[in-house]
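One chain, subunit A, links the two complexes that follow: it is found with subunit B in the first and with subunit C in the second.
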Partner chain A sequence: MSMLHTVNKSAYERGTLESCVSKAAKGSSVLLIEDGVYSAVKGGTKAGVIEKAMGDVSFYVLGPDIKARGLDEGKLIDGIKVVDYSGFVELTVNNDKVASWL
Partner chain B sequence: MSDVKKFCYLNRKAPYGTVYAWESLEVVLIGAAFDQDCSLVFADDGVYQLMKGSDTTGLGIKNFSPTYSALGDYDIKKIYVEKESLEERGLSLDDLQHLVWEDEDEDYAEKDSIMVVTKDELAQILEEQDVVLSF
Partner chain C sequence: MKFAIQVNEGPYTHEASVSALNFVKAALEAGHEIFRVFFYHDGVNNGTRYTSPPQDDINIANTWSALAKEHNMDLVVCVAAAQRRGIVDQGEQERNGKDGNNIADGFRISGLGQLIEAGIEADRTVVFGD
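Moving on, here comes the complex of A and B:
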(Lines of atoms letter the chains of each structure in order from A and count residues from 1; the text may use other names and numbers.)
(Lines give C-alpha, C1' and ligand atoms only; values in the text may rest on other atoms or scores of the structure.)
Protein backbone atom coordinates (compact mmCIF):
# COMPACT_ATOMS: atom_id res chain seq x y z
CA MET A 1 0.00 0.00 0.00
CA SER A 2 1.61 3.24 -1.09
CA MET A 3 0.69 6.54 0.42
CA LEU A 4 1.01 10.18 -0.54
CA HIS A 5 1.45 12.71 2.25
CA THR A 6 0.95 16.42 1.61
CA VAL A 7 2.38 19.09 3.93
CA ASN A 8 1.27 22.71 3.53
CA LYS A 9 2.97 24.46 6.48
CA SER A 10 6.48 25.82 6.89
CA ALA A 11 8.69 23.62 9.10
CA TYR A 12 10.05 26.86 10.59
CA GLU A 13 6.64 27.77 11.95
CA ARG A 14 5.05 24.42 12.78
CA GLY A 15 6.04 20.86 13.54
CA THR A 16 3.84 19.47 10.75
CA LEU A 17 6.65 18.26 8.49
CA GLU A 18 8.51 16.52 11.32
CA SER A 19 5.29 14.89 12.46
CA CYS A 20 4.52 13.71 8.92
CA VAL A 21 8.02 12.40 8.20
CA SER A 22 8.18 10.51 11.49
CA LYS A 23 5.00 8.67 10.56
CA ALA A 24 5.55 8.17 6.83
CA ALA A 25 6.24 4.50 6.03
CA LYS A 26 9.17 3.44 3.91
CA GLY A 27 8.35 3.79 0.21
CA SER A 28 5.77 6.53 0.65
CA SER A 29 5.85 9.97 -0.98
CA VAL A 30 5.75 13.42 0.62
CA LEU A 31 4.61 16.37 -1.47
CA LEU A 32 5.32 19.86 -0.12
CA ILE A 33 2.71 22.44 -1.14
CA GLU A 34 1.85 26.07 -0.22
CA ASP A 35 4.03 27.24 2.72
CA GLY A 36 5.32 23.67 3.02
CA VAL A 37 7.75 24.35 0.17
CA TYR A 38 9.97 26.54 2.41
CA SER A 39 11.17 23.38 4.16
CA ALA A 40 12.78 22.21 0.89
CA VAL A 41 15.44 24.93 0.82
CA LYS A 42 19.05 23.81 1.16
CA GLY A 43 21.09 25.22 4.01
CA GLY A 44 18.21 25.91 6.39
CA THR A 45 18.21 24.45 9.90
CA LYS A 46 15.20 22.27 9.04
CA ALA A 47 16.75 20.86 5.85
CA GLY A 48 17.95 17.88 7.86
CA VAL A 49 14.38 16.67 8.42
CA ILE A 50 14.11 15.92 4.69
CA GLU A 51 17.75 14.93 4.13
CA LYS A 52 17.60 12.26 6.85
CA ALA A 53 14.37 10.75 5.52
CA MET A 54 15.32 10.88 1.87
CA GLY A 55 16.51 7.25 1.67
CA ASP A 56 13.13 5.89 2.74
CA VAL A 57 10.69 8.46 1.43
CA SER A 58 10.45 10.33 -1.92
CA PHE A 59 10.08 14.10 -1.66
CA TYR A 60 8.32 16.38 -4.13
CA VAL A 61 7.56 20.13 -4.22
CA LEU A 62 4.85 21.88 -6.17
CA GLY A 63 6.50 24.14 -8.77
CA PRO A 64 3.93 26.98 -8.88
CA ASP A 65 4.24 27.32 -5.09
CA ILE A 66 8.03 27.69 -5.14
CA LYS A 67 7.80 30.25 -7.96
CA ALA A 68 5.20 32.33 -6.12
CA ARG A 69 7.49 32.47 -3.10
CA GLY A 70 10.56 33.54 -5.05
CA LEU A 71 12.42 30.30 -4.31
CA ASP A 72 15.02 29.19 -6.81
CA GLU A 73 14.88 25.53 -7.92
CA GLY A 74 18.68 25.44 -7.69
CA LYS A 75 18.45 26.15 -3.96
CA LEU A 76 16.34 23.12 -3.17
CA ILE A 77 17.78 20.11 -1.34
CA ASP A 78 19.29 17.70 -3.89
CA GLY A 79 16.98 14.84 -4.79
CA ILE A 80 13.69 16.68 -4.29
CA LYS A 81 11.60 16.52 -7.44
CA VAL A 82 9.63 19.52 -8.66
CA VAL A 83 6.18 18.70 -10.03
CA ASP A 84 3.46 20.82 -11.65
CA TYR A 85 -0.29 20.48 -11.07
CA SER A 86 -0.60 17.49 -13.40
CA GLY A 87 2.29 15.89 -11.50
CA PHE A 88 0.27 16.42 -8.31
CA VAL A 89 -2.67 14.62 -9.94
CA GLU A 90 -0.38 11.76 -11.04
CA LEU A 91 0.99 11.34 -7.52
CA THR A 92 -2.57 11.23 -6.23
CA VAL A 93 -3.69 8.51 -8.63
CA ASN A 94 -0.46 6.51 -8.36
CA ASN A 95 -0.83 6.18 -4.60
CA ASP A 96 -3.58 4.23 -2.87
CA LYS A 97 -4.26 6.88 -0.27
CA VAL A 98 -3.59 10.53 0.44
CA ALA A 99 -2.98 12.00 3.89
CA SER A 100 -2.98 15.78 4.32
CA TRP A 101 -0.88 17.13 7.18
CA LEU A 102 -2.47 20.50 7.93
CA MET B 1 3.34 67.92 15.43
CA SER B 2 3.82 66.72 18.94
CA ASP B 3 1.44 63.83 18.36
CA VAL B 4 3.79 61.75 16.26
CA LYS B 5 3.96 58.25 17.63
CA LYS B 6 6.31 55.44 16.86
CA PHE B 7 4.36 52.70 15.06
CA CYS B 8 5.90 49.33 14.44
CA TYR B 9 4.42 46.65 12.20
CA LEU B 10 5.64 43.24 13.27
CA ASN B 11 5.43 40.67 10.45
CA ARG B 12 5.98 37.01 11.31
CA LYS B 13 4.07 35.07 8.65
CA ALA B 14 5.04 33.82 5.19
CA PRO B 15 3.23 35.44 2.24
CA TYR B 16 0.62 33.73 -0.02
CA GLY B 17 -0.08 30.76 2.27
CA THR B 18 -2.18 32.96 4.54
CA VAL B 19 -3.60 36.47 4.16
CA TYR B 20 -1.54 38.07 6.97
CA ALA B 21 1.25 39.51 4.80
CA TRP B 22 -1.11 41.15 2.33
CA GLU B 23 -3.34 42.52 5.11
CA SER B 24 -0.30 43.96 6.89
CA LEU B 25 0.92 45.65 3.72
CA GLU B 26 -2.51 47.23 3.21
CA VAL B 27 -2.61 48.54 6.76
CA VAL B 28 0.94 49.91 6.43
CA LEU B 29 0.07 51.78 3.23
CA ILE B 30 -3.11 53.22 4.74
CA GLY B 31 -1.32 54.09 7.98
CA ALA B 32 1.46 55.86 6.08
CA ALA B 33 -1.03 58.61 5.16
CA PHE B 34 -1.17 59.69 8.83
CA ASP B 35 2.42 60.98 9.05
CA GLN B 36 3.51 58.82 11.94
CA ASP B 37 6.98 57.44 12.62
CA CYS B 38 6.63 54.01 11.01
CA SER B 39 8.93 51.05 11.02
CA LEU B 40 8.46 47.52 9.71
CA VAL B 41 9.92 44.43 11.29
CA PHE B 42 10.23 41.10 9.48
CA ALA B 43 11.09 38.14 11.70
CA ASP B 44 10.52 34.37 11.75
CA ASP B 45 8.65 33.31 8.57
CA GLY B 46 7.91 37.00 7.97
CA VAL B 47 11.33 37.34 6.31
CA TYR B 48 9.92 35.36 3.37
CA GLN B 49 7.65 38.33 2.55
CA LEU B 50 10.61 40.25 1.13
CA MET B 51 11.93 37.49 -1.16
CA LYS B 52 12.74 38.66 -4.67
CA GLY B 53 11.70 36.93 -7.88
CA SER B 54 8.15 36.04 -6.91
CA ASP B 55 5.97 34.83 -9.79
CA THR B 56 2.39 33.91 -8.90
CA THR B 57 1.21 33.19 -12.46
CA GLY B 58 0.92 29.48 -11.70
CA LEU B 59 -1.26 30.14 -8.66
CA GLY B 60 -3.58 32.52 -10.50
CA ILE B 61 -3.51 35.03 -7.65
CA LYS B 62 -2.33 38.62 -7.39
CA ASN B 63 1.42 39.02 -6.94
CA PHE B 64 1.77 41.67 -4.22
CA SER B 65 5.53 41.26 -3.80
CA PRO B 66 6.36 44.25 -6.07
CA THR B 67 4.26 46.47 -3.76
CA TYR B 68 7.01 46.39 -1.12
CA SER B 69 9.16 48.50 -3.43
CA ALA B 70 6.56 51.28 -3.14
CA LEU B 71 7.12 51.61 0.62
CA GLY B 72 9.90 54.15 0.07
CA ASP B 73 7.46 56.44 -1.75
CA TYR B 74 5.24 56.31 1.34
CA ASP B 75 8.16 57.59 3.40
CA ILE B 76 8.81 54.26 5.07
CA LYS B 77 12.56 54.19 5.55
CA LYS B 78 13.03 51.73 8.37
CA ILE B 79 12.61 48.07 7.47
CA TYR B 80 14.24 45.76 9.98
CA VAL B 81 14.92 42.12 9.11
CA GLU B 82 16.04 39.73 11.82
CA LYS B 83 19.44 38.23 11.06
CA GLU B 84 18.81 34.99 12.96
CA SER B 85 15.56 34.35 11.06
CA LEU B 86 17.35 34.71 7.71
CA GLU B 87 20.21 32.42 8.72
CA GLU B 88 17.95 29.73 10.16
CA ARG B 89 16.18 29.56 6.79
CA GLY B 90 19.37 29.38 4.72
CA LEU B 91 18.77 32.90 3.38
CA SER B 92 20.87 36.04 3.11
CA LEU B 93 20.22 39.69 2.26
CA ASP B 94 20.89 38.80 -1.40
CA ASP B 95 17.72 36.70 -1.49
CA LEU B 96 15.62 39.74 -0.59
CA GLN B 97 14.36 42.59 -2.74
CA HIS B 98 16.51 45.72 -2.80
CA LEU B 99 14.25 48.30 -1.16
CA VAL B 100 15.19 51.99 -1.14
CA TRP B 101 13.86 55.41 -0.19
CA GLU B 102 14.83 58.77 -1.67
CA ASP B 103 16.46 61.34 0.59
CA GLU B 104 15.15 64.74 -0.51
CA ASP B 105 17.80 66.50 1.60
CA GLU B 106 20.52 64.84 -0.46
CA ASP B 107 19.25 65.46 -3.98
CA TYR B 108 16.93 62.45 -3.80
CA ALA B 109 19.77 60.01 -3.32
CA GLU B 110 18.52 56.44 -3.01
CA LYS B 111 19.22 54.90 0.36
CA ASP B 112 18.69 51.33 1.53
CA SER B 113 15.56 50.80 3.61
CA ILE B 114 16.36 47.27 4.77
CA MET B 115 18.52 46.89 7.84
CA VAL B 116 19.50 43.43 8.99
CA VAL B 117 19.48 43.41 12.80
CA THR B 118 20.13 40.81 15.47
CA LYS B 119 17.41 39.65 17.84
CA ASP B 120 18.98 41.71 20.62
CA GLU B 121 18.90 44.85 18.49
CA LEU B 122 15.31 44.00 17.61
CA ALA B 123 14.43 43.79 21.28
CA GLN B 124 15.72 47.33 21.69
CA ILE B 125 13.82 48.57 18.61
CA LEU B 126 10.56 47.08 19.90
CA GLU B 127 11.18 48.58 23.32
CA GLU B 128 11.32 52.08 21.80
CA GLN B 129 7.91 51.84 20.07
CA ASP B 130 4.66 53.44 21.22
CA VAL B 131 2.49 50.98 19.29
CA VAL B 132 3.27 47.50 17.95
CA LEU B 133 0.86 45.99 15.41
CA SER B 134 1.29 42.26 14.86
CA PHE B 135 0.60 40.31 11.71
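Moving on, here comes the complex of A and C:
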Protein backbone atom coordinates (compact mmCIF):
# COMPACT_ATOMS: atom_id res chain seq x y z
CA MET A 1 0.00 0.00 0.00
CA SER A 2 1.40 3.36 -0.95
CA MET A 3 0.73 6.58 0.89
CA LEU A 4 0.96 10.25 0.01
CA HIS A 5 1.93 12.54 2.87
CA THR A 6 1.31 16.27 2.58
CA VAL A 7 3.25 18.73 4.76
CA ASN A 8 2.10 22.36 4.79
CA LYS A 9 4.48 24.00 7.27
CA SER A 10 8.17 24.78 7.02
CA ALA A 11 10.63 22.55 8.88
CA TYR A 12 12.07 25.84 10.21
CA GLU A 13 8.75 26.51 11.97
CA ARG A 14 7.27 23.16 12.97
CA GLY A 15 8.28 19.57 13.43
CA THR A 16 5.70 18.08 11.08
CA LEU A 17 8.14 17.30 8.24
CA GLU A 18 10.50 15.49 10.61
CA SER A 19 7.59 13.57 12.17
CA CYS A 20 6.28 12.70 8.72
CA VAL A 21 9.64 11.52 7.39
CA SER A 22 10.27 9.44 10.53
CA LYS A 23 6.94 7.65 10.06
CA ALA A 24 6.74 7.43 6.24
CA ALA A 25 7.19 3.88 4.98
CA LYS A 26 9.65 3.06 2.22
CA GLY A 27 8.08 3.81 -1.15
CA SER A 28 5.84 6.62 0.14
CA SER A 29 5.58 10.04 -1.41
CA VAL A 30 5.82 13.35 0.45
CA LEU A 31 4.37 16.51 -1.10
CA LEU A 32 5.40 19.88 0.34
CA ILE A 33 2.72 22.56 0.01
CA GLU A 34 2.18 26.11 1.33
CA ASP A 35 5.02 27.07 3.73
CA GLY A 36 6.18 23.44 3.56
CA VAL A 37 8.05 24.34 0.36
CA TYR A 38 10.66 26.27 2.38
CA SER A 39 12.01 22.91 3.59
CA ALA A 40 12.97 22.05 0.01
CA VAL A 41 15.56 24.82 -0.41
CA LYS A 42 19.02 23.44 -1.10
CA GLY A 43 21.70 24.30 1.44
CA GLY A 44 19.29 25.11 4.28
CA THR A 45 20.10 23.91 7.79
CA LYS A 46 17.07 21.57 7.61
CA ALA A 47 17.81 20.27 4.12
CA GLY A 48 19.24 17.12 5.67
CA VAL A 49 15.76 16.01 6.76
CA ILE A 50 14.86 15.50 3.11
CA GLU A 51 18.30 14.50 1.82
CA LYS A 52 18.61 11.63 4.33
CA ALA A 53 15.18 10.22 3.43
CA MET A 54 15.53 10.68 -0.32
CA GLY A 55 16.47 7.05 -1.00
CA ASP A 56 13.33 5.63 0.60
CA VAL A 57 10.76 8.33 -0.03
CA SER A 58 9.90 10.40 -3.13
CA PHE A 59 9.68 14.15 -2.52
CA TYR A 60 7.53 16.61 -4.44
CA VAL A 61 6.86 20.35 -4.06
CA LEU A 62 3.87 22.33 -5.24
CA GLY A 63 5.12 24.67 -7.98
CA PRO A 64 2.56 27.47 -7.47
CA ASP A 65 3.57 27.71 -3.79
CA ILE A 66 7.27 27.90 -4.78
CA LYS A 67 6.42 30.70 -7.20
CA ALA A 68 4.20 32.54 -4.69
CA ARG A 69 7.20 32.82 -2.34
CA GLY A 70 9.64 33.98 -4.99
CA LEU A 71 11.71 30.82 -4.56
CA ASP A 72 13.79 29.49 -7.43
CA GLU A 73 12.92 25.99 -8.69
CA GLY A 74 16.58 25.64 -9.67
CA LYS A 75 17.69 25.99 -6.05
CA LEU A 76 15.75 23.04 -4.62
CA ILE A 77 17.38 19.95 -3.15
CA ASP A 78 18.42 17.64 -6.00
CA GLY A 79 15.85 14.98 -6.81
CA ILE A 80 12.77 16.86 -5.62
CA LYS A 81 10.09 16.98 -8.31
CA VAL A 82 7.93 20.05 -8.90
CA VAL A 83 4.22 19.45 -9.57
CA ASP A 84 1.25 21.75 -10.20
CA TYR A 85 -2.26 21.25 -8.76
CA SER A 86 -3.14 18.66 -11.40
CA GLY A 87 0.02 16.80 -10.35
CA PHE A 88 -1.16 17.05 -6.72
CA VAL A 89 -4.46 15.44 -7.74
CA GLU A 90 -2.57 12.71 -9.65
CA LEU A 91 -0.44 11.97 -6.57
CA THR A 92 -3.60 11.46 -4.49
CA VAL A 93 -4.98 9.13 -7.17
CA ASN A 94 -1.75 7.14 -7.58
CA ASN A 95 -1.39 6.52 -3.83
CA ASP A 96 -3.93 4.46 -1.87
CA LYS A 97 -4.13 6.82 1.11
CA VAL A 98 -3.44 10.46 1.85
CA ALA A 99 -2.10 11.63 5.22
CA SER A 100 -2.14 15.39 5.80
CA TRP A 101 0.40 16.47 8.41
CA LEU A 102 -1.02 19.63 9.95
CA MET B 1 -12.52 8.90 -8.44
CA LYS B 2 -14.54 10.29 -5.52
CA PHE B 3 -12.89 12.80 -3.18
CA ALA B 4 -13.81 13.98 0.30
CA ILE B 5 -12.22 17.26 1.35
CA GLN B 6 -11.88 18.52 4.91
CA VAL B 7 -11.09 22.20 5.57
CA ASN B 8 -9.99 23.04 9.13
CA GLU B 9 -8.86 26.63 8.66
CA GLY B 10 -10.81 29.84 8.17
CA PRO B 11 -10.44 32.06 5.11
CA TYR B 12 -7.69 34.73 5.11
CA THR B 13 -5.79 32.93 7.87
CA HIS B 14 -2.91 31.19 6.14
CA GLU B 15 -3.55 29.36 2.92
CA ALA B 16 -5.61 26.25 3.60
CA SER B 17 -8.92 27.52 2.18
CA VAL B 18 -7.28 28.64 -1.06
CA SER B 19 -5.22 25.44 -1.33
CA ALA B 20 -8.43 23.43 -0.87
CA LEU B 21 -10.20 25.52 -3.54
CA ASN B 22 -7.32 25.04 -5.98
CA PHE B 23 -7.23 21.30 -5.30
CA VAL B 24 -11.00 20.96 -5.78
CA LYS B 25 -10.86 22.89 -9.07
CA ALA B 26 -7.99 20.73 -10.36
CA ALA B 27 -9.77 17.52 -9.32
CA LEU B 28 -12.97 18.60 -11.09
CA GLU B 29 -11.00 19.58 -14.20
CA ALA B 30 -9.44 16.11 -14.23
CA GLY B 31 -12.95 14.62 -14.25
CA HIS B 32 -13.09 13.49 -10.61
CA GLU B 33 -16.08 13.87 -8.32
CA ILE B 34 -16.06 15.86 -5.08
CA PHE B 35 -18.36 13.83 -2.85
CA ARG B 36 -18.37 16.44 -0.11
CA VAL B 37 -16.37 19.31 1.38
CA PHE B 38 -16.60 19.28 5.17
CA PHE B 39 -15.75 22.49 7.03
CA TYR B 40 -14.55 21.83 10.57
CA HIS B 41 -13.06 23.92 13.40
CA ASP B 42 -12.26 27.49 12.13
CA GLY B 43 -13.00 26.16 8.63
CA VAL B 44 -16.69 26.91 9.27
CA ASN B 45 -15.86 30.60 8.74
CA ASN B 46 -15.66 29.82 5.01
CA GLY B 47 -19.45 29.51 5.09
CA THR B 48 -20.63 33.05 5.87
CA ARG B 49 -22.15 35.13 3.08
CA TYR B 50 -21.23 38.42 4.80
CA THR B 51 -17.57 38.63 3.80
CA SER B 52 -16.55 41.75 1.83
CA PRO B 53 -12.84 41.48 1.03
CA PRO B 54 -11.16 44.28 -1.00
CA GLN B 55 -11.94 44.12 -4.72
CA ASP B 56 -8.44 42.97 -5.65
CA ASP B 57 -8.65 40.07 -3.21
CA ILE B 58 -10.33 36.70 -3.74
CA ASN B 59 -13.77 36.34 -2.14
CA ILE B 60 -13.28 32.86 -0.75
CA ALA B 61 -16.84 32.24 0.49
CA ASN B 62 -18.33 33.36 -2.83
CA THR B 63 -15.87 31.16 -4.73
CA TRP B 64 -17.01 28.10 -2.74
CA SER B 65 -20.65 29.04 -3.37
CA ALA B 66 -20.07 29.47 -7.12
CA LEU B 67 -18.23 26.14 -7.37
CA ALA B 68 -20.98 24.38 -5.42
CA LYS B 69 -23.60 25.76 -7.77
CA GLU B 70 -21.67 24.92 -10.91
CA HIS B 71 -20.77 21.37 -9.90
CA ASN B 72 -23.66 20.53 -7.56
CA MET B 73 -21.13 20.10 -4.77
CA ASP B 74 -22.11 19.36 -1.16
CA LEU B 75 -20.59 21.91 1.26
CA VAL B 76 -21.19 20.93 4.88
CA VAL B 77 -20.41 23.06 7.92
CA CYS B 78 -19.95 21.29 11.27
CA VAL B 79 -22.85 22.29 13.51
CA ALA B 80 -20.96 22.36 16.83
CA ALA B 81 -18.08 24.37 15.35
CA ALA B 82 -20.62 26.69 13.66
CA GLN B 83 -22.57 27.34 16.85
CA ARG B 84 -19.40 28.37 18.64
CA ARG B 85 -18.39 30.74 15.84
CA GLY B 86 -21.75 32.26 14.90
CA ILE B 87 -22.35 30.57 11.55
CA VAL B 88 -26.14 30.33 11.44
CA ASP B 89 -28.72 29.02 8.97
CA GLN B 90 -32.52 29.38 9.16
CA GLY B 91 -32.93 26.27 11.35
CA GLU B 92 -30.19 27.27 13.79
CA GLN B 93 -31.56 30.82 13.88
CA GLU B 94 -34.94 29.53 15.03
CA ARG B 95 -33.54 26.89 17.38
CA ASN B 96 -31.19 29.32 19.14
CA GLY B 97 -33.39 32.42 19.00
CA LYS B 98 -31.00 34.49 16.85
CA ASP B 99 -32.09 37.64 15.00
CA GLY B 100 -30.72 36.55 11.64
CA ASN B 101 -28.64 34.04 9.74
CA ASN B 102 -25.49 34.26 7.64
CA ILE B 103 -24.96 30.93 5.88
CA ALA B 104 -23.66 31.35 2.34
CA ASP B 105 -25.38 29.87 -0.73
CA GLY B 106 -24.57 26.23 -1.28
CA PHE B 107 -23.50 25.55 2.32
CA ARG B 108 -25.53 23.54 4.82
CA ILE B 109 -25.05 22.93 8.53
CA SER B 110 -24.90 19.33 9.71
CA GLY B 111 -23.04 16.97 12.03
CA LEU B 112 -19.81 15.03 12.16
CA GLY B 113 -21.60 11.96 10.79
CA GLN B 114 -21.36 13.72 7.42
CA LEU B 115 -17.57 13.70 7.68
CA ILE B 116 -17.51 10.01 8.62
CA GLU B 117 -19.85 9.17 5.73
CA ALA B 118 -17.69 11.17 3.32
CA GLY B 119 -14.63 9.23 4.50
CA ILE B 120 -16.42 5.94 3.85
CA GLU B 121 -17.96 6.89 0.50
CA ALA B 122 -14.97 8.67 -1.02
CA ASP B 123 -11.93 6.93 -2.50
CA ARG B 124 -9.61 9.56 -1.06
CA THR B 125 -9.89 12.06 1.78
CA VAL B 126 -7.63 15.11 1.69
CA VAL B 127 -7.38 17.47 4.67
CA PHE B 128 -6.39 21.13 4.46
CA GLY B 129 -5.73 23.11 7.61
CA ASP B 130 -3.40 25.05 9.80
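The rule is simple: the second predicted complex is superposed on the first by the 102 of 102 C-alpha atoms of A that agree within 3 Å, B and C clash if a C-alpha of one lies under 4 Å from a C-alpha of the other, contacts with A are read in each partner's own complex, and residues count from 1 in each chain.
Here is the rule we use: a contact is a pair of C-beta atoms (placed from the backbone, for glycine too) under 8 Å apart; a residue touches a chain by one contact, two chains touch by 3 or more.
Predicted model only: the values in this text are computed from it and were never measured.
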Looking at subunit A, does subunit C or subunit B touch more of its residues? B
Examine A:V98 and indicate which partner it touches, taking first as subunit B and second as subunit C; both and neither are also allowed. second
Looking at the overlay, does A:N8 come into contact with subunit B only (first), subunit C only (second), both, or neither? both
Which of the two partners, first being subunit B and second being subunit C, lies in contact with A:L71: first, second, both, or neither? first
Between subunit B and subunit C, whom does A:K42 touch in the aligned arrangement: first, second, both, or neither? first
Identify the partner contact of A:E34: answer first if only subunit B is touched, second if only subunit C is, both if each is, neither if none is. both
Partner chain(s) touched by A:G63 [first = subunit B, second = subunit C, both, neither]: first
Same subunit A residues contacting subunit B and subunit C, which ones? 8, 34-35, 64-65, 84-85
Which residues of subunit B touch subunit A in their complex? 13-18, 44-45, 48, 51-59, 61, 63, 65, 88-91, 95
Please give the residue numbers of subunit A that touch subunit C in the complex, ascending. 6, 8, 33-35, 64-65, 84-86, 88-90, 92-93, 97-98, 100, 102
Residues on subunit C engaged by subunit A in the complex (per definition of touch): 1, 3, 8, 14-16, 19, 22-23, 25-27, 29-30, 32, 124-130
Of subunit A, residues touching subunit B in the complex: 8-10, 12-13, 34-35, 38, 41-45, 47, 63-65, 67-72, 75, 84-85
